[in-house]
C-alpha cells in the first residue's frame, strides 16, 4: 500500500468512522482537553527552576494572576494592580491594588498579599532565582489599598518584571497556613481557573473560577494532558482525544491545519541565535562578519521550517520596543569569501572552529546548524558540530567556556532590550559570552538610564554596533504552531503562553 | 494366528535414506516370549519402537506391515493407531532414571493410562495400581504412590515401570533392554520379576537384548539381527543346541555363560564379518534404497 | 559400500538457508561500509536546500542519482544509509568484541577459579544488573558527552554482564567435568588448565553470544539516537535518520522507512547468524 | 539449611544495594551541567550561583553529601527533588505502581504470546511452519521496543484510532482509587468500565514492551521444550496412547518451564528498567518517564531515588524468582 497522503487520508477517515471506544468526535466540545508538551514540575511560580521555565508560564497564568496583566500583543494592562509608578525623584514605587477580588479558597485578596509576595521574592534565602531584580525594592508597606516600597537601586524595568518570570501574587494567609508542601498539594490563586485535580506527569484538571475579576472563562472544565512526544501529541488531536496542542513539527502543522483540524501560527517572543565567544578565530572581525553574511536565513526558514519564522538581524523582534528595522546584515556569500580571503582563508583552506548546539530541544535546532554548516562550507568555513544537552550549555556559559560558536534560543516575553541584548551581550553578566570591553562601555550607562526615550535610543545604538561588528549572529524569531479542533477558537499569545481562558467555542 | 506379526518391515532415515531395518519379519503368538538379539546398533530396538509407534522423527517406515491382534497398524489413522497400541501393548523402558516424569508423583504415572485412555474410574485405577505395586514386591505401595521419582532408587523405579506396563493387562509388552541400565545385583531380580509376571499374566513379550544369557533364561524363541537384517529365527532350545548361522555361533562363543563363568571368550572372527558385509551389500544392491 | 552402522551418525545439519541469507546481508554491509566512498552515489553530508524530500526513484517527482530520495535537508538517503553502515559495523564490532572480551574474561575467572574471585565478580554482576540499562546509558552519556566513544563505552558498561553470567555458568559446568580433573592431574597449573582446557569448550558459546551482542549494540545505538544522545557530528547513523525522519513521516516516509528496514535486517542477520552457529556447535540437537 | 541460605541472600542483597547507591551517587555528582546553573536565568550574578548551590547542599564534598544522604535514608527521607520541591520518596512511590502494572501486563502478554509461539513451534517442529515461527521470533527480537511503539501509535493510534495513545486513564473520569494500582484496584472494585479504559490506555505501551520479551521467552521455552521432548518419559507417555498435544502440554511443558523461569526473571528486571523509552513515547506517567525528566533537569536527588528503587525492585524480583524455582521444582522442595 503506497503510504502517501491520499491513502493516509482515506484510511484515517475510515478509521475515524471505525473508532469503537466512543472517542469524542469533533462535534461540540463541553470539556476542553489540551495536549501540552512539557510536564509541570511544581506549582510555585516564584521559586525553584520551574519559576524561570518559560514553557510552563501558560499554566501558571491560568491559575495565578501577575501584578500587571500582559495582553496577547505583549503590551501591559491593569492586572491585580490598577495603577503603578515611581515617585518624582524615583526613590519610591507605589501601586494601587484592585478591589473585590477573591482567592480561589474564597478569602479576600488584599494589598497585604502584594506586599508579602514582593518581599518574599526579594528575600535571598527563599531560593528565588530573580532575587537580583526584586532585591532592588526594600521595606514594602501597605497603606489602605496602596503598596509603597523604597527603591534601593533604580531599575527602569522593575514594572516590566511584574508581568514576566516570577511576577505572580501568592495568597499570604493561605501560604503561611499550609506551608510550601501544602501549597504544592493544593495551590490557590486568583486566576481564571482553579486546580481541581493534579496527577504528576499525567494531567491537571482545571475548573472555571466563576468570580474571576476578568470575567469567567467560557470552558467550564479544562484538562491539560502532559504529552512530551510531539508525534503522540499530534496523534492525540488527530484522533479526537484532545482539542488543542502546540509545538509540533511544521510539516505536521501544514498537513493538518486545513485538513480535519484548524491551526494558527504566530511569531512569539523567542529567537534563535548563535553566540560568538571572543576566543581564537572569533577575535578576527573578518571571520565573524563572513560567518554572519554567509547565512541565507530566509532559505533556511522556507526550506527547513516550512516558512514559519521571521528572519532577524538584531536580538530584537518586531514586537519589541527597541526593534530597529533599519539595521540590516543580509545574505552576501561573495562578500563573505572576500572577507575570509582578506584573512587568508578560502574554501580550499577553510577557517576551522567548533559550533555547539542542542538536538531536539527547539524545533529543528540541530538541522538548522547542519544547514548553516553546509552554507559555511561553501564560503570557506569548516565548522565541526558538537551536540550537548541544554544543562551542559548553561554550565559552559556560566563558566564562559562555550565553543567559538554556540546555537541557543533566547526567550524574552517582556520585550525590553535589557532582557534581550542586555543580558546576552553585557560582559560582566554570567550569561553573556562576548566580553569585549568596547561593548561593556556602550551598555553600562543604559542600565540606570531614567529617560525612557533616551534609553531605547541607546539600546538601538548598541544593536547597530553589534550588527556591524557581528558580535553575535541573530537568526530568526520562532513562530509557534497551534493545532486545534474546529470546535474551539484559540487566541495565540505573543509570549508563546497557551492560555485556556482566552479560548472560546468558535 | 500370532498376536503380533511383522512383515517385511523396512526403515530408512528421512534425509539421506540410509537403511536401518531391511525386510524384517517375525511372529509372536499370545503368551510367547520372543527375544531380539544383536550387537548395539543392529536395529533391534527399532523393531520394538516401530511396533509401539515411537520411532524418532528422523526415521520413516519405508515398507512392510505390523499386524497387532489382527489389524495392520500402518493402515490406521494416527489417532486410532495410538488408541489401539495404548490399549493392547505397553513398554518397559531401558533407563528407569529418565523414564519417570520428575515433576509428577508415581501414582498418576501408573493410573493415567487406565483413566484417560481405557476409561477406568479413578478408584478402580488406584486399586489396580496398589495391587500391581504389591505384585512387583514394593512394600508400602500407598506411600510410594505419593512420592516423586527422585526419592526412589533405580531398581525401585524399574519395578514401578514394570507395574505400570502390566497395569492395563496388555496383550503385548515390549521390554527394551530393561536391565542394561541397572547394576548387576538388581538385574537378576528384575529379570526374574518380569518372567514371573509374564507367566502369570500370559502376556506376549518382545524382549530386546544384546545378552544371549538373558535370552536363554527368559525367552522361548528369538531372532538374531545384524545391521538391520534377521540372520536366524528359531526356538531357544534349537538355537542353543545348534545355531545355523555362523555369526550366531560366533556370537554364542562371545557370550559369558552363567554356568561357566571362567570359560574363555572368542571374539567374532573377521571372516564372518566380511561375509556378512557382502551379504548385506548384495541385499542393498538388489533393493537399491 | 553402504554405511553399516544404524545410520545415526549420518544426521548432518544442512547449512540453513537462513544462515546463508544472514551471512550474505552482513557481507554486503561490510562491503558497503568499506567501499562507501566508491559505492555511495552522493556525498552523504552534501545538502541542497532546493532538493529536499525528493521521493524514491519509482515515484513521480524523483531525481536521477537520488535512488532512495532525499531528507528534509536535501541529503541523499541511500548514501547516508551506506555511510551509516560504517558506524553500525564499527559499533557492532568494537563494542561487541570489547564487551565480549571483558565479560568472558571475568566470567571465566569467576566460573573456574571460584572462591573469593567468584564472590567478588558475582557481586559486581549483581550490582551492575541492578542498574536500569537504558537509564544508565542516558546518565552515562550525560556525563561523558555524546559521541562514538560514549556509545561504545555505554554498551560495554551495560552489557558485559550478559557474557559474564553465561560464561561463568558454562565454565562452572565444564570445570566439574572429568576431563578437567585429568588435565590437572597431568600437572597443568590452574591458569593453564583454564586457558587450554576450559576456554576451547566455552568458546562456541562465546562466539554465539558475540554475534547476538553485535545485534544488540546496533539496537542500543538506535535507542540512543532516538533520545538525541547519539554521536554529535554530522556523520549519518541509522538511528539518527529514523529519529529525524519521524517528524515528517507523512511527507517523506522514505527518510524513516529505509534506514528502519536496513537496521531491522542487520539486527535480524546477527540474530539468525547467532542461532545458526548455536545449532552448528550444539552436539545435543539430533 | 533453608535459613542459612536466606541470611546469605539478604547479605548479598544489602551489598548490591549499597554498591548501587555509592556508584550512582558519585556518577551523578560528576555529571556536568550543575543543576543550579540551570535554574539561573539571564542576569543572575556569581553570588546567586553560590547562594543557590549552598541552599541545595551541593557545595559540600561528595563523601560529605553521601553521608548526609545516607543519614536521611535511614530515617526514610530520600531528600527533596530540586525541580518539584517534593520529597523524593513520595514522588517515586507515587509513580512506582504505574510502572509495575505496565511491566506486569507486558510480562503476562509476553508469556502468553511467547508460550503459544513455543508450543506451536514444538508441535509443528520439522515443518515449514516451525521455520516461519523462528524467523518471526528473530524479527520480533531484532526490532527494539520503542520502534514497536512507533508502529503501534501509527497503526492503532491514528490510522485506525482504536486505542488511546497517551496517558494512563482518561482524565475526565473520576477515579475512586486509594492505591496507585489503578488496573488491579478497578478489577477489585468490579469497575469494569474503568478497567476497560485503563487497559485501552496501557495496551499499546504494554504490547510494545511485550513483543521483544515474547520473542525471548518463545525461544527459550522452545529450546527447553525441544530438549525435554527427547527424554524417555515423553516417549513412554506416547506408548500409553496419548496424543502429541497431551504429551507436549502435560508431560514436557511442566519440566521445560523450570529452566526458562530463572531467565524470565532476569528479563523481567530488564523489562522494568527498559520502560524508560516506551513510557516517554506514550507519555505514560511511570517511573521511566519521570527518570528522563530527572536526568534532563539534573535533578540529582530524584535520579538517586529512582535508581535505588530500580535496584530494590531488581533484587526483590530475583528473590521471588528463586523462591518460585525452589517451590516449583519437586527435587528442591524436599531438599
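Just so it is clear, A, B, C and D label the chains in written order, and each chain counts residues from 1 on its own.
One rule holds for everything that comes next: a residue touches a chain if its C-beta (ideal position, glycine included) is under 8 Å from a C-beta of that chain, and two chains touch if they have at least 3 such contacts.
Molecules present, by chain and UniProt name: A = Peptide ABC transporter substrate-binding protein; B = ABC transporter ATP-binding protein; C, D = ABC transporter permease.
Note that the structure is predicted; figures quoted are calculated from it, not measured.
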Chain-contact steps, minimal, separating chain C (ABC transporter permease) from chain A: 1
A-D or C-D - the one linked by more C-beta pairs in contact: A-D
Chain of greatest Cα-centre distance to chain A: B
Mean-CA-position distance for chain D (ABC transporter permease) and chain C (ABC transporter permease) (Å): 23
Averaged-CA centre spacing for the pair chain D (ABC transporter permease) and chain B, given as whole angstrom: 52
Whole-Å gap between the CA centroids of chain A and chain D (ABC transporter permease): 37
Multi-partner residues of chain A (each touching 2 or more other chains): 8, 231, 389, 391-392
Chain D (ABC transporter permease): positions in contact with at least two other chains: 32-33, 150, 280, 298
Chain C (ABC transporter permease) - residues contacting chain D (ABC transporter permease), complex: 18, 123, 126-127, 129-136, 138-140, 142-143, 145, 215, 219, 222-223, 226-227, 242, 246, 249, 260, 264, 267-268, 270-272, 275, 284-286
In the complex, chain B residues that touch chain D (ABC transporter permease): 52-54, 57, 79, 82-83, 85-87, 89-91, 93-95, 98-104, 109, 112-113, 116-117, 148, 150-151, 161
Sites on chain A touched by chain D (ABC transporter permease) in the complex: 8, 11-12, 14-16, 18-21, 23, 31, 33, 35, 39, 41-42, 44, 47-50, 52, 124-125, 127, 129-133, 165, 180-181, 184, 197, 199-203, 205, 221, 223, 225-229, 231-233, 235-236, 238-241, 389-392, 394-395, 398, 410, 419, 422-424, 429-431
Complex contact set, residues of chain D (ABC transporter permease) against chain A: 32-35, 37-46, 48-49, 51-52, 55, 82-86, 91, 94-95, 150, 153, 157-168, 171-172, 174, 196-197, 200, 280-283, 285, 289-290, 293, 296-298
Interfacial residue positions of chain C (ABC transporter permease) with respect to chain A in the complex: 45-47, 49-50, 52, 59, 72-74, 142, 145-146, 228, 232-234, 243-244, 246-251, 253, 257
